[in-house]
Each structure stands twice: as structure tokens, then as C-alpha cells.
Amino acid sequence: MDTALEIQGLRKEYKGFILKDISFRLDQGTIMGLVGPNGAGKTTIIKLILNMIRRSAGTIEVFGLDNIAHEKAVKARIGFVHETPAMVEDAPLKNIKTALAPFYRSWDERLFRRLSAEFGLPLDKKFKALSHGMKMKFQLALALSHDADLLVLDEPTSGLDPVFRRELLERLSGVIQDERKSVLFSTHITSDLESTADSITFINRGELVFSLPKDEVRETWAVVKGGRELGHGSLRGLFKGFRETPYGVEALTSDVPAVRRAIRGGLVVDKASIEDIMIFMDSGASHV
Amino acid sequence: MFKFILKDFFLHKKYILSLGILYPLYVGWFGSRLDSPRVYALLAAFMYMIVALFPYTREDKLKAVGLSLSLPATRREIILGRFLTSWTLMTGLWILGTAVALLMSGGKLGAAHLLGLGSILTILAYMTAFLAVFTPLAIRFGMVGLMIFLVAMQVLGIVAMLLRARTQTLKALIGSVGRGVATAQEALGPAGAVAAVLIVFLIVNYASFELSVFLFKRKDY
Amino acid sequence: MATVDYALEIKGLSKSYRDFKLNDVSFALPKGYIMGLIGPNGAGKTTVIKLILNLLRREGGEIRVFGRDNREDEVEVKRRIGFVHDTPFFYDHMTCRRLKDSVAPFYRDWDEALFRRLMEEFDLPLGKRFSRLSRGMKMKFSLALALSHNADLLVLDEPTSGLDPVFRRELLGRLSAFLQDGGKSVLFSTHITTDLERIADFVTFIRDGAVVFSAAKDEILERWAVVKGGPELLAEEHRGLLQGVRKREFVVQAVSADAAEARRRLGKTALIERASLEDIMFYLTRGNGHA
């Protein structure tokens, strides 16, 4: 399978935060969810892909091309949907379209009109007059109309009601029916991933925790329930995070076989949801 | 590259159109009241430059620069686009402003002055100077920085006035552009002056362009 | 009727705008419970909340908070409500301490010690400027303010929007703790229905300015089901049973308010699954059979 996006050893240094050793790959024709707590580095990664900020080290290749050396060629094939403002808000939609379309050789005006009708976009209205969901849809229409092969969406579902959210996610799933197209979206609404993502890349505090196909995540990570002994001695190293409950201790592990080997006797082992992983790995839960 | 000018026009259409009418009206009205061509040139150049930078200060305020950065264009091209848009705007405003000044009857600065070579070259020189200074400033410090700079200049001007002694230096600095053009005209004749101003125009714009590209490339958005 | 103490009672509430109308909205929140308010954007949730706080004038109907009319006894009612807004409308440049100082005097029951304790628990420095707080911290601060005047009813409008799961869990935990004291109640609107499934006792679903249902969460999740099958589901006889029908090529999906009946009638030919709140909302908003 061809690679839509390949990131190796990506690094970015800020004064109070370092993003480091980020490596993952997005296969063509798939959807990847980029997930992690606020401030983990998701938006930083996306900005690095678009070269909006400069990387300190590492490589980013989009369809085999370095994203800086071939910036134009790469950006011609990426469609970007922003969550936070990155738009001249009081321009009407049709003006925004007229302003941006000439930059894309593969702009399909008819497709844009069709999508606008389908999405119910009021082209005469100003961008700021749109509801949050409509803003997302408009950006998506723009991205699809220049036949972007890689869609990068930064928190597209945040603030959307469940109905819009599901629609958007269904739309994204529809996009990759065309196997040339791929989608990368960051989110912290983990239920989005369960329904839509093929693979999941989890970032925490500037580092990569894992980048795996969704099924593999389910098989690898688990929540083990037991007593306080889970947090002590040799057992401690097997777990990534702990939580105390009224009934004992819950611990997160990515190596169930090792845990089974180390602990005799009955163990309660539950599959971990992405949300569980995120919560367990939060700083406050790292010790008993 | 035309698409860059188009982009900025369509994204900021309302503002460009309204400022594009207001500013020339204001400047033109002034032009019909002033008797110093040099002051008029100074005023016109400064005001038009503000409008020329407007799309970018707006983008900065709205944090919309991400839009330009997601388009398939290098940062160098984006800056080139800015210069092109700025000059297109300034030239258009200049023409409009001159028309307004001419149309308003009783103008002390008649057609001879406004359309004279000296006047045109002087305005061109001032616009070049202002744009060349303010474009990299705006990139490096953003709109806030620009505002601070402008306010600081005003304060400096007031302080200079109060200190009297310094007034000459400031005036001299700003006046040097106008005087330079006048000198060129005298020394080189009309054709020579045009050539001289054009050469300076190219050099200064190019220098500012390269500086702006350098600053823009280094900036994280 | 048994004597139930209600924190909030809304009857026949109505309000019209040019292109939107809130119509005959009625629901009630018994004291000591959490109610979640869900619905698509523009459905009227924020309007309802604003009407409760009398930020908007209602045109018809009644709103009673702890038995008192929210307009006639406005001051008394507001004293007992703690409000958390999704986009905190505080003066950005003020510090937390100053913001607190400007709000606290309005409340007779302001508990300074409680406020400080909460700020410490939430890890919020008093001297920090509001604008420098992250979104989650702004939310926590708003919550600290709302809790510190010993409000009996907490009303939150989209408190978890934009927050990551870690913060959300914390917030939900905090809300649960709030209710430990039996007299307290919570009403909150949200888009993140999984949060509601975790914590709400009651759920009210508003769509197009009207209440679709308002019932106990457990009951809702038991009674509703998602039904997936073939075109035979479109048959006339199933019309009353299935709602929000969606047809995609040869697959027909819908939701049913009577899971037991659906299982009886269609269990053999169709897939009957537990419906999540999101499922119900989705089908009832996007499927057929309604405006």
C-alpha cells in the first residue's frame, strides 16, 4: 500500500515544551485519528506538516515528497480544515472561494457547487455568520473541490452537536472510498475514533505513545483490576498508569501477556478504551 | 502571480472598497487645500501605504495567515504577492486621489503640480520608502507591533516639537526624500530623474522584499 | 401525586424569534439529581437556559426554581443558582482574585473558605490573569465561582465543549461530588452524550424548539433500540414502531422507542441493538418522519 504521509523522528522545541521522536505512517486510503490530551502536541504536529511552524529535526514526507523541499506540490494535494480561526471571517463564502480557487490546478467548480448544495451552504453569507458545523462543512467543501488527496483536519468535531459530528464522520468515511484519498484528523472526542478511524496515533506530552491499527490497540491495551500490590515492586513497571477506586486499584498496561506471567491467580482484565488510556496516562494517575 | 492580488481583493473586498473610496477622498480633499506639494506627497504616500498593508494587518489580527500558509505557495511567493497587492492598491488609490484633488475646484495645487513629474516622482519615492520600511516591520512585529511603532513615532514627533532643537533632524530626515527627488531633477533633468528614481525604486523594493522574505520564513505561525 | 421536591419545573414555556420558535417546552428536575439537556445546535437548549436565568423574557409558560417563579422572585432564585457558561464572559485582563471580588459581594452565602479550597484543589492560582488560563482552567474557575456561593442548582451550558477526556472526567467527578449533598441538583447541556450516559439521572432531548422526550436515563437506554435490516422494515405495519428511518441502498436503519416490541416483531429478520443517546439523537434528527 502506498504511503500518504510518513513522519520520522519529528522534533520541535519550544521554551516550555518539546515535541520529540514522533514517527508514524498514514497509509493511503485510510483514516487516522490523532489523539491526545489538550496541549499534547497534536496541533503542533499538524502545523509542522503544513510547514506553518518550522521543525527542529526529523522528516515529513507527503506522497513521498519532503514537505518543505516540495512545499507547493505537497500543499496542492492537501486539504486542510481548521478548528480555530484561520479564516478572514467577514468575507462571504463565495468571495473566499473565488480567492482560493485559482491556486489549485485541479479546482472543480461544478463539484464545489454540488457540495455546497448538498451541505446547504449559504454562499452569500459571511463566514462568521455560519454555525460551527457549517464552517467545518464549508472548509471541507473547499478541500474536496480541489481534489485533495490528503485531508488534514484539526479538531473537526469539537463543538459540533452529535448529529453534525456523525454526519461529518460519515462524510469522511465516504471520502476514503476513493482509495487514493486519505484522512488525518485530530480529536479528543474519543468516540469519534471508535466509529471512524482505521488507525490511531496517540500523543501525550510531546511524545508518541503508540501508532497502531485500531484493532491492535484494542488487543494490546487493557485495564487490570486488582489490589494495591499492582503498584508496587516489580509489578509496577508493567503498568503505564494507575487509578484508585473504592474497590481497589485499576492499572493500565500495554503488555497483557507479561502481566499474566507476573501475576498468578485470577485477574480481571478489561479492554481499554482510548479514553481510558488517555485518562490513565494523565500525570495525576501515574502512581498509587 | 495575479491570483495573489485577486485573493487579497476578494478576501478583503469590503474593506478595500470602502477604504479605497474614503482615503482618496480625504487625501484628495487635502490635496486641494494644501499648497506644499511635498507635504501632499508625504500625506498621500503614508495614507495609501496604510491601506496597502491593510489586508495583512487584518490577517494578522484575525489570525488568518494560516489560510495563506495552507495554499500551495512558497513563503517567498506569498511575500511577492503582498508586494504586488500593495503596489496595485497604492497606485490605484493614488490615481483616485489625484482625480479627486483635481476635481475639487479652488485647489491651490493645480494640475501642473499634481501631475507634474516632480510631484509624481516624489510620491513614488515616498511610497517606496514607507512600504519598504513598514512591510518588514509588520511581518516581524505583527499588527500590534506596527501600532506601537506608529504611536512611538507620534510620541517622538511630539517630543521633538517640544524639544525644538531636534525638530530639524526629524524634518530633515523625512524631507530628505523629497529633496532628493528635487535634486535629481535639477541635476539630471527629467529623463535622468525618472531613471534615478526608478533605479532607487527597484533597489529599495528588492531589499525590502528580501528582508521581508527572510523574516517571514523564520516566523512560526 | 407524591410530594416530590423539584429543583426546577418548566411548564408550557414558549418564546418566538423571527425564524425560530420555542414551543410548549415542559420538563422537571427533581431535587438531588442531574439532568442532561441534549439536542442539535439551534434546537433551543441555550434559549431554555437563558430563559431559566431570565436573561430572556419568556412569552408563555411557567418556570419555577425550588417552587418560586423565576421572574417574580428573581433575586432569590438567582441566589440559589450557580451558572457556568461555555464561553466564560469574564473580563480577560482581570486576575482570578479580582474577578472573584467583583462577583462575591452579590451573594449572601458566599463562602470564601470554600472558594479558596476549590481553587487549590483545581490548581488555579488566584493571581493569574483570566486570559492566560487554558480553556479547561477557565471552566474550572467558573465552576469554582458557581460552587462557592452554595448554590443549590447548578446550571451549565456546554461545560465540556473543547475539553479533553481527562478534564471532562474530572469535571464530571466534581459534579457527582456536588450531588453527594442530597439537596443539590444539576442541569447541564452538552454535545458529548457519552458524558451524559456516564453521569446523568435524567435526560431531556430538545429538537426544533420542542421537547422530544424527558425521562430517566436508564429508562431511555432500556426502552430505545437501534434497528437495522432490509427493505422489509419500511412496511406500513412498522410505521408506528420505527422512527427516524434512514435508507442507504439496501440497508434500512431506524430507531425504536419500544425495544421489547421491536425484538418481538423483528428480532428474527433484523439486528436490534442497544441505542446510545447519540444514536437516538442522530436518527430522530436526520432520519425520516419529521421536519
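First chain written, first letter: the chains are A, B and C, and each begins at residue 1.
One rule holds for everything that comes next: a residue touches a chain if its C-beta (ideal position, glycine included) is under 8 Å from a C-beta of that chain, and two chains touch if they have at least 3 such contacts.
Note that the coordinates shown come from a computational prediction; the quantities given were computed from them, not determined experimentally.
At the centre of the protein atoms shown, by the Cα-centroid criterion, sits A. The most distant chain from chain C is B, comparing centres defined as mean Cα coordinates. By count of C-beta pairs in contact, A-B exceeds the other of the chain pairs A-B and A-C. Note on chain placement: the centre of chain B and the centre of chain C lie 54 Å apart, centres being C-alpha means. Look at where the CA atoms of chain A average out and do the same for chain B: the two points lie 44 Å apart. Centre-to-centre separation of chain A and chain C, using mean CA positions: 28 Å. Contact of a single residue of chain C with at least two other chains is seen at no position. Of all residues in chain B, only 3, 6-14, 58-59, 62-67, 69-74, 218, 220-221 touch chain A in the complex they form. Contacts from chain A toward chain B in the complex involve residues 47, 50-54, 71-76, 78, 80, 82, 84-91, 95-96, 98-100, 102-104.
Listing the residues of chain C that touch chain A in their complex gives 38-42, 134-136, 161-167, 169, 191-194, 277-278, 281-282, 285-286.
Put simply, chain A touches chain C in their complex at residues 36-39, 131-133, 158-167, 188-191, 275, 278-279, 282.
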